Amino acid sequence: MYRHTKELQWSAKPERPDALYASKLQEVIGGQFGEMTVMMQYMWQGWACRTPGKYKDMILDIGTEEIGHVEMLTTLLARLLEGAPAETQAEAAAANPALAAVLGGQNPQQAIVSGGFAMPTNSMGVPWNAGYIVASGNLLADFRHNVAAEAQGRLQVARLIGMTDDPGVKETLSFALARDTFHQQQWLLGIEQLIEDGHTDGLEDSRKAEEATEQASVFYSFHEGSTAHEGRWAQGATLVGDQEIRFEEGRALQDDVQELPAPDPELFATYD
Amino acid sequence: MYRHTKELQWSAKPERPDALYASKLQEVIGGQFGEMTVMMQYMWQGWACRTPGKYKDMILDIGTEEIGHVEMLTTLLARLLEGAPAETQAEAAAANPALAAVLGGQNPQQAIVSGGFAMPTNSMGVPWNAGYIVASGNLLADFRHNVAAEAQGRLQVARLIGMTDDPGVKETLSFALARDTFHQQQWLLGIEQLIEDGHTDGLEDSRKAEEATEQASVFYSFHEGSTAHEGRWAQGATLVGDQEIRFEEGRALQDDVQELPAPDPELFATYD
Amino acid sequence: MYRHTKELQWSAKPERPDALYASKLQEVIGGQFGEMTVMMQYMWQGWACRTPGKYKDMILDIGTEEIGHVEMLTTLLARLLEGAPAETQAEAAAANPALAAVLGGQNPQQAIVSGGFAMPTNSMGVPWNAGYIVASGNLLADFRHNVAAEAQGRLQVARLIGMTDDPGVKETLSFALARDTFHQQQWLLGIEQLIEDGHTDGLEDSRKAEEATEQASVFYSFHEGSTAHEGRWAQGATLVGDQEIRFEEGRALQDDVQELPAPDPELFATYD
Amino acid sequence: MYRHTKELQWSAKPERPDALYASKLQEVIGGQFGEMTVMMQYMWQGWACRTPGKYKDMILDIGTEEIGHVEMLTTLLARLLEGAPAETQAEAAAANPALAAVLGGQNPQQAIVSGGFAMPTNSMGVPWNAGYIVASGNLLADFRHNVAAEAQGRLQVARLIGMTDDPGVKETLSFALARDTFHQQQWLLGIEQLIEDGHTDGLEDSRKAEEATEQASVFYSFHEGSTAHEGRWAQGATLVGDQEIRFEEGRALQDDVQELPAPDPELFATYD
Amino acid sequence: MYRHTKELQWSAKPERPDALYASKLQEVIGGQFGEMTVMMQYMWQGWACRTPGKYKDMILDIGTEEIGHVEMLTTLLARLLEGAPAETQAEAAAANPALAAVLGGQNPQQAIVSGGFAMPTNSMGVPWNAGYIVASGNLLADFRHNVAAEAQGRLQVARLIGMTDDPGVKETLSFALARDTFHQQQWLLGIEQLIEDGHTDGLEDSRKAEEATEQASVFYSFHEGSTAHEGRWAQGATLVGDQEIRFEEGRALQDDVQELPAPDPELFATYD
Amino acid sequence: MYRHTKELQWSAKPERPDALYASKLQEVIGGQFGEMTVMMQYMWQGWACRTPGKYKDMILDIGTEEIGHVEMLTTLLARLLEGAPAETQAEAAAANPALAAVLGGQNPQQAIVSGGFAMPTNSMGVPWNAGYIVASGNLLADFRHNVAAEAQGRLQVARLIGMTDDPGVKETLSFALARDTFHQQQWLLGIEQLIEDGHTDGLEDSRKAEEATEQASVFYSFHEGSTAHEGRWAQGATLVGDQEIRFEEGRALQDDVQELPAPDPELFATYD
């Protein structure tokens, strides 16, 4: 169960309206790596966590914080829309290029659909969907995805900061930056904890015994003139298991040509 | 530009048909973490890579290998469908529960739409879509996502192996396991290389100077009776910057209640 | 079966082109509550209606009218695009901010994909999809959804009227307003008729006898300082059944903590 | 901001595993009218609500309760999967038709993707998406949509109850039935309150003055032999404004044939 | 405007229920090439057609017929669901493998969501979406797409016929086959008519003068050991313009390596 | 298996940045008929092709070329973004309408998500999805779809050429025009080859013997005042089988009214 309070975790007070920026801000609300994504991803992972205790509690703590981040950024966005230009101001635009940019770039759904509020979509209007998230039950695999979500999300916030000079907006986003810095570490430290607790050695290796061992330490190149052999990924010891990484040209490793069996005649495939 | 050869990278020869298994195998072809995802993700990241040389070449090498993985798994799937039961065998099912399971669980599109071939969808029929992938131009953030994709994808392959006892299928999937083991390491080693080359210290930290520093090292708990403080993520030094992580109860950090400005009357929002 | 005639139900004659407005108008054509939605929703509900007679005929009458509304609004949109500025007019924009707004805000698919016509998408370009509609076979539940669709759709039209001062556009939209006013009432009167005919008492109550009766008349608050108890929804008699509504703090009503059984080891979930 | 507690609002304890039922239960979790929909819809409406006080608090109270409903039903589903049959039991199926039904009908993603947990999808595997919800800022229109969501959701729960005889599952769903009964009333009472508070007369009527008045009280029939005139929707007084509803044959009301202007030659449309 | 009549164009009377078949039949109703697709595609193309007269009338005639095809097939499907087995029949399945196949393979939404009716989705439950259709304003390009839709749709119907032996179902589908045969020809004859009327020579060739002429008659092979040169597409005269088709190895035709300009530092791309 | 080389097939060198054009160019990269579509469609068709030899090789040759087209156009787009205006240039816009158009119309994801690169989406931001493509195993049906894709794609390129006057962009697109001209012919010649090789007579006619023969040569009109009878599609001989096409008014051809059986009471449909 959940409870709600009316205060925001951090302030969300732009100094002036900016409908063009509100259009861009949608990306970190309802985009692939927006706050809706981490909110839903962590809540589902927390509910799916099999072991009571510190892992489950930690995931749910963060997931619960993230609901508040959606609340905070949608509030920021709604306040940015105060006084957004209406279409009938088109005549005013005739003498005002800055207004023209806003008229051309504002998000029509923020007026027509939500009446001056954020939409649960990305910056191009694509509705948020659950294909963005995962809760696999395997904490290593999920924490890897969480680190990625925080890194991508933080990068997007950093890019968005460069698109405004409103100190109030920057104040809110500076908090988002900090939490994403912390959350990146949190999931990386979660992996360290999983290792320390003996759950993994840091690589997903279920059914390790059934792996085609030889192919687990070779870099195959499929590229004329590739310089990929210069990187650490193509030389030195593997991260686990202490094998030597080899660099080889990609080739057929067994004997199988891509041909298919004769088709079922009831399916009317073309066949000689 | 690309070139094609007819040989598969590894063999894909099931010993007997299994239409029920073919239905499940779709997940690692056209699902969120299937081969289409890594194929498209790495090709886009490679094309988007700004610096010629080892990083760009490495990403494109792997992306090119992944096209072949889609080819290999769709071939495996098509061969599993050879002799799949048709609906008119329903009468035969009256005396055969194992056939009944197949009739109930097979993927109808593999017959009706593709005529005995794989579909570019996941195991529930959802078409692959580009919302699964990212190419941000920032290699740290992208490599984090790539590690996650390989870990989740490998976990799914491991689960799928437990659902068959066909040695030919296991042979193909043992190769997929091995490559996912190698590719997890490759992206982790890619991050090590980025650190060694001075591109990052391992955390996404663009606009670090504009971060709300205080909030970058606090674990906020929003949970009654949370034991999250027991984990490494809530104590000890930060991974970078050498601060001490604090564990605190989540609370309003500034003074802002979630209220909105009066609405534009032209939008007909409800307002007192 | 259906038949077509060439006349529109109402005129759709803008006085002048307005490509920026054409971009916004997409919302009420192919959006969540656009004419495609009500057209498809009512046709499916009519076909699905089990009882021949006044209900089925009424639903199909309205559904058939709605096809004509899609026809009317797409025609309006196409006429708004007559003379839409082409990209090569970018130089002209250098001296014309109003043109700049149009160049920035027009819908590129209306040129590139449909050659000067409407798209079957919303105002942000999201293709119409059948996840917007429902035909449940239960007329009360469906009429509730239909009232909602007409109310939301009418609100969007009202907002769009405020974004133009073209008398021809307003003329068309004044008709859409009126029909949405009528159709809201029609579905509400449909519910009255269902009650009069003894099909329902106005609440969906299938399997009423299996309901946890106590929980059907309590408002649970999960909010610090909530003033929700002041509303009619938290006090007075229930709408049916004549119980007294209670206002209580949300709490665990039975004894069950969110913990999960030990996982299947073949699924490689993390578990102590 | 939000807080979490570990207790469920109501118990979620099936008496025995049922993987086939777990597949169907997805509909009321991640489907068009599942708990994710009402959770997200009410939270967004609450955040978007412009007036502090009883309306905003009420919407947020219910939205917060709904997060717990997702938690409760996903827990129920995970417990239904305990001991779900694995594919390698196919041989066992040869002697067990009931097992065959489960093997054919179970949701492969619940094993392959989530490792024995619910998916954020509907019963056919379609990921939840934000195109299901609306928060318009206009409380009448939104409450209409909320009544519909509760009515459709309750109907689906009622249908699902008929598909099980597990007393533990029925116990959980009996609670869902009750809350949906209460929530239907709550939103209807919310509309009564809006009327009482003078916000509306119960019909969405923004820009009423610009409506084509004549068309707001006519039922147009487009159907040979329609008996729709027998219903209340085609006769008697309008619900507001006290006009007489007329029943007429659908026809062209103004003079406009569906023809389009000559195309822009740069768009290469076919034209004489 | 449109009108409706209650008779179906052709009968839709299965001899017995078949819920498993009803699940498969969804493909030709709400799938990529189902009746919803051709219905919507032709209506949009008809409305978008710029020239009044035989083309526009023809497209709208066929589009109007297709609405009736959706009506006919959804009716067929609903009748196939009469007496569909409910979940509680699971015990009966213990002695009946044929029932087990149905229990495993039936479409849960046809019960839970639509109450015994068709869904506006494909056979895997994916909602129909407007990304399947096109109306470009260019009749040659659109007729090409229409031929393809009829060919693919007919092939799917042919495959579905092989999955049933119910004479009533076959009767309905035999009509679908015939109309798809006719409609394939109709669009091909439409192209002949476009040629005869001087609108095209059969190839889309807008801005022909700006084409890189040399590359319009070469088959480039990117394949080791390709035998593609044996086909008509790699030799002989072009279909228009009377050039000789050449077969060449794919290669870089100009001098451009896939490298990108230095990134904007504000975007934090990785760069040396 | 595939291999990669660093050279582009054709040059992609715009003379100057144009972020507004980059936004539009997305359509032919990740749209319904963009290069991702043909790349994926042909690769899947090639892998699915049952007969080794010239058909399979030809399809795979073209599919492999198309990967390079995605590479070429995404490179062109990235180069168009060099020096794209940032939001903070809004002040500059106050004196520059041309800049205002760009600020309003540029694609925010090309900065926020991909850091100055193309997105795998269409011009409105909709992610590419596999619902655009088909690989049916039936070469006639697939080649029909391929002709359509090339015709629609070429038309879109032609329209895009009219929206720029950058010679470098035109140079790249002139190549795209030429290849689309060639590929249209290639698939048409593929159909000729299928006919010559005896695989088809040019119409999809599987289960021809089970077709309702009478209905395979009638044009049904559902339109008052239709002039469709003037076209070749409504008169003359059929393309195969040498029947005479008839023009008739659409009507009920058998005796079946759209009524449904009594519902299952457990589904709570409305019923008298």
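All chains are identified by letter, namely A, B, C, D, E and F, in their written order; residue positions are counted from 1 within each chain.
One rule holds for everything that comes next: contacts are C-beta pairs under 8 Å (C-beta built on N, C-alpha and C of every residue); 3 or more make two chains touch, one makes a residue touch a chain.
This is a predicted model, so every value here is computed, not measured.
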Minimum number of chain-to-chain touching steps separating subunit B from subunit E: 1
Give me the set of chains touching subunit C intersected with the set touching subunit F. A, B, D, E
With residue numbering as the guide, point to the option in B-F, D-F or C-F that repeats B-E in over half of the contact pairs. C-F
When contacts are scored as defined above, which chain pair ends up with more C-beta pairs, B-C or E-F? E-F
Greatest separation from subunit C - chain, by CA centre: B
CA centroid of subunit B to CA centroid of subunit D, Å: 29
From the mean C-alpha coordinate of subunit C to that of subunit D, what's the distance rounded to whole Å? 12
Counting only residues that touch at least 2 other chains, which ones in subunit E make the list? 1-9, 32, 47-48, 53, 55, 60-61, 64-65, 68, 71, 75, 78, 86, 96-97, 100-101, 103-105, 111, 113, 115-117, 121, 124-127, 129, 131, 134, 136-138, 140, 155, 158-159, 162, 206-207, 222-223, 225, 250-252, 258, 260-261, 263, 266-269
If each protein chain is taken as a node and each touching pair as an edge, is the resulting graph a line, ring, star, complete or other? complete
Touching residues on subunit C, where the partner in the complex is subunit F: 1-6, 47-53, 55, 86-88, 90-91, 93-97, 99-101, 103-109, 111-113, 115, 121, 124-127, 136-140, 194, 199-200, 206-207
If you look only at subunit E, which of its residues touch subunit B in the complex? 20-21, 23-24, 27-28, 31-32, 96-98, 100-105, 122-126, 155-156, 159-160, 162-165, 222-225, 250-252, 258-263, 267-272
If we count contacts the way the header does, which residues on subunit B are in touch with subunit C in the complex? 155, 158-159, 162, 266-268
Along subunit C, where are the residues that touch subunit D in the complex? 5-13, 32-33, 53-55, 57-58, 60-61, 64-65, 68, 71, 75, 78-79, 82-84, 86, 111, 115-117, 126, 129, 131-132, 134, 136, 138, 140-141, 144-145, 147-148, 150-152, 154-155, 158-159, 161-162, 170-171, 173-175, 177-182, 184-190, 192-193, 196, 203-208, 210-223, 225-234, 236, 238-240, 250-258, 260-261, 263-264, 266-269
In the complex, the residues of subunit D that touch subunit A are 1-5, 7-9, 30, 36, 40, 43-44, 47-48, 60-61, 63-65, 67-68, 70-71, 74-75, 78, 113-121, 127-131, 133-138
